[in-house]
Amino acid sequence: MIREWMRIVNHQEIAEKTYLIELEGEISTLVKRPGQFVHVQISEQYFLRRPVSIADVSPVKGTITLLYKVMGDGTEALTYKQSGQSLDIVGPGGNGFPVHQQRGEQALLVGGGIGIPPLYYLAKQLTAKGVSVKSVLGYRSESDLFYVDEFQSLGEVQITTNDGSVGEQGFVTDALPPLNSIDYYYTCGPTIMLKKVKEELINVPGYISIEERMGCGIGACFACVLETSESCGKGYVRVCSDGPVFRPEEVIL
Amino acid sequence: MDLSINIPGLNLKNPVMPASGCFGFGKEFAQFYDLSELGAIIIKAATGEKRFGNPTPRVAETASGMLNAIGLQNPGVDGIIEHELPFLTPYKTPIIANVAGSTLEEYADVAAKISNGMVQALEVNISCPNVKEGGVQFGTDPELAYEVTKKVKQQTDLPVYVKLSPNVTDIVSMAKSVEQAGADGLSMINTLTGMKIDPRSRKPIIANQTGGLSGPAIKPIAIRMIHQVYKEVKLPIIGMGGIETADDIIEYLLAGASAVAVGSANFKNPAVCVDLIHQLPETLDKYGFTSVQEVIGGAHH
Amino acid sequence: MDLSINIPGLNLKNPVMPASGCFGFGKEFAQFYDLSELGAIIIKAATGEKRFGNPTPRVAETASGMLNAIGLQNPGVDGIIEHELPFLTPYKTPIIANVAGSTLEEYADVAAKISNGMVQALEVNISCPNVKEGGVQFGTDPELAYEVTKKVKQQTDLPVYVKLSPNVTDIVSMAKSVEQAGADGLSMINTLTGMKIDPRSRKPIIANQTGGLSGPAIKPIAIRMIHQVYKEVKLPIIGMGGIETADDIIEYLLAGASAVAVGSANFKNPAVCVDLIHQLPETLDKYGFTSVQEVIGGAHH
Amino acid sequence: MIREWMRIVNHQEIAEKTYLIELEGEISTLVKRPGQFVHVQISEQYFLRRPVSIADVSPVKGTITLLYKVMGDGTEALTYKQSGQSLDIVGPGGNGFPVHQQRGEQALLVGGGIGIPPLYYLAKQLTAKGVSVKSVLGYRSESDLFYVDEFQSLGEVQITTNDGSVGEQGFVTDALPPLNSIDYYYTCGPTIMLKKVKEELINVPGYISIEERMGCGIGACFACVLETSESCGKGYVRVCSDGPVFRPEEVIL
């Protein structure tokens, strides 16, 4: 993990209040797994960094891509940064999703809202290995949709929206495919969604990526800990450095 | 430029160290720079038994600062000795252990155990606002502060720095109390108790409701308290609260600190301590100083 | 959207008023907007005699805040009645006089004189950290706070709001003391004592050395104290400390304030009070509220 | 006095760490006298506004010109603002220099460092009325010189520098012209200079412009008060609203 000023090479709105930002720098060469994140200093005005998942990596361009949604003042301020400017980034952080599945296996990706981005880089890696990927992507409404074409180019996609404006109305758990063919699932999204997914997919092995408010983002401050199930080791894990990806049976949501 | 400073039990090659709780046990920061460059390292609080701490969220952002309510999560003094200190001891920098507890006995127990030769000084944390029992009571009542200091002193041959809470009416009387109890130095300041409420959820953001306020927001309070205490008490002071720049360090030294600790700024810039150490000679020179020693208490002349 | 709030002696059309000392006697702000739009106006502190205050510099900038040590400069209670209040009384908004002093007698004298029908309530300033005598002692000792509150109550038929100092170990016991002495409400908080040292001159920037810290930096402390006091004391609270946005107002109301005062933000934006009043309906609506009344204490349910 | 966002139409370095910034907006139409100032919000990061004198006004362009020197973090941050951006300004503040001198009279302007700017607009107004203007301008060193040509186009100019790199070595008081011809003097600069000028020119009527740290900048907070001589009224004045220009006999420096 390093700290560096990464150059913004692309920054655009791709859906309602949802932005793509592409950053050039050495961190792009250090990403080990999908599901890792970077810790973004928005400006001197914001005391804490913001964790944002790495949604894609381009080794050719030496860039990483982040997709973020405006959720508060910090992400709002981020939208004003322009291509050519630099951003103070620490990363890549965390361990991300393992990509151990074999050619011919089935993977199910379940993403909700701004939990969807890390699944894209994961989907690319899985399909590159010959794993067949099905995605269930949940959005609030039609105007919130992003990266649907990108996911579709990698496999079957099922969309849900809260208001039914596109795809199925309801939550991602209302649109899961038949589970018997799934070898592993991978999910990222709001905690309430993760809980439901964990319950519904109790019989499928999987990986859950979890969000928690962070201080340091590197494992030192213990802001982001999660209790682990009794069977698991020391009783807690740090989302930033032990995670953000965990086995569902490991952690208490 | 002479950056070195000697305070009881500690020959510091420079006056900059990471503050307790903001640096874990050092491991994570070792990937950013060589920890031997640090003046010293104050490790995360140790309690008698391992503690899980408070529920999350444990941090919230505020104007020029942050709230935290970690709640003294730590592997317990035995766990620290066994699993954490062995990583740190090879570095060429003194280690200061942060001693915490809910009872006098727990403080005594932790102090005794951790004085096993692996650390060079103790910082007694009588000021943690984020635990239900102990912690902050010891830090707001001069008599209890006296008791705990005395008790810890009895258990150890190491120099004892007592870390004061700013959440008090009269910081000088707290400092005098621990001086009388035999403290070798002071650490000032711990966090101020604060709260942030989310208008959306209508609840405090921190699960523990209140948290400790740190960062540049509290620097003027820390500087004031150190300035007051320096006038009345002879003990050397490790100053902290919102340090982010080499100018901040000068300000602390002028107020009366002999060394400084950098806390939450480590979260912004993981290399902040070493960056400050590198900037210090030039900054001292800019203001006409030829050593760190010369700056200490300069605002009082 | 119903912005109105009734607290003892004050029917406020909205909960927003300028804080004492940050608005003079209103005249300067009248060139930016119609003062009748304000929920109320808290005027600058009045003492028995005219005071010149402290030497300059009297202000310094800090991270997300500022220090001030004006030292209660004011024309004296008679001067205020004669020269300042006549300008303000025609506006359609209640006026709250800020009563200060160095002795119990001075508080009593000022309270008696200013209760002449020109103002609608008193705010007793037992918390000014910037004067040598009185002021802050009254605000850090529960018994003295009781005495001064009682004394002022005897001199006036107006509702009495006591302004608490945050520079205390136990804010709840201060609040309880003044409640028992008959206060009608609380004002929270005054400034925290702080200091800033200039590395160039090696001296505190403020001539008085210490000053009172205000601005967003102190908001988490104010919110915590109001939250604590609201739970233990029945008095309505006028909340203040770092308010700059309509979201901040919601946060104060949720913590337990019934109205709010805006202090140093007036220096950034002279029209901040009226801007916030105009933004408040939309902000309340955004968070699902239909009146100001409904928000008060919301973080406690 | 109003608060408005003024557009930056020109911003350039004119001497070492000394910048000219020209701002367009309504405030330009409200300036009553030379020596008034504006209160500048540098950015959200700086809690207090910075007082800066109005150095010139262009009624044609609807602009005011400020000349400022980098003295600390705030003025440093100001240098990064670019033409086209806007600045949050409150002004015009204070009362400024009276321009009551008559055609044919002599005026002496004594400026030190960054106290020189307001004297320029004053010199223009005085010469426009037919007053003859002599200026003594003190700088630290050659690289600090600014607006010398501008002053020279309005009258005789004497330069002093601390290091003697240009003009006379020493302070402005070392280079004062014969005083018998001077009807009024006007001075602005560091307090130590003002004190000396006041002493030296004790027998000449004049006006002194004073700097003090400010809170509100509009007369409400009493941060900027100055004690007045015993003979003078209420015992104090506010630099921001009663000043910044005073009669030397009025105030205690």
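Each chain gets a letter, A, B, C and D, in the order it is written, and its residues are counted from 1.
Assume a residue touches a chain if its C-beta (ideal position, glycine included) is under 8 Å from a C-beta of that chain, and two chains touch if they have at least 3 such contacts.
Just so you know, these numbers come straight off a predicted model, no measurement behind them.
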Q.
Roughly how far is chain A from chain B, centre to centre by C-alpha average, rounded to an integer in Å?
A. 36
Q: Calculate how many whole Å lie between the centre of chain B and the centre of chain C, each centre taken as the average of the chain's C-alpha atoms.
A: 34
Q: Find the geometric centre of each of chain B and chain D from their Cα atoms only, then give the gap between the two centres in Å, rounded to an integer.
A: 47
Q. When the C-alpha atoms of chain A and chain D are each averaged to a single point, how far apart are the two points in Å?
A. 56
**Q.** Two or more partner chains touched - positions in chain C
**A.** 62-65, 215
Q) Looking at which chains touch, is this a line, ring, star, complete or other? A) ring
Q: Provide the full list of chain pairs in touch.
A: A-B, A-D, B-C, C-D
(Q) Considering only the defined contacts, which chain B positions touch chain A in the complex? (A) 21-24, 27-29, 31-32, 44, 50, 52-53, 56-66, 68, 70, 73, 75, 205, 215, 264, 266-271
Q | Sites on chain A touched by chain D in the complex | A | 44-45
Q | List of chain A residues in touch with chain B within their complex | A | 1-3, 41, 46-49, 74, 90, 212-227, 234-236, 241
Q.
Applying the document's contact rule, which stretches of chain C touch chain B when the two form their complex?
A. 62-65, 67, 140, 167-170, 192-197, 199-200, 202-204, 209-210, 213, 215-221, 223-224, 227, 242, 247, 250-251, 254-255, 287, 298-299, 301
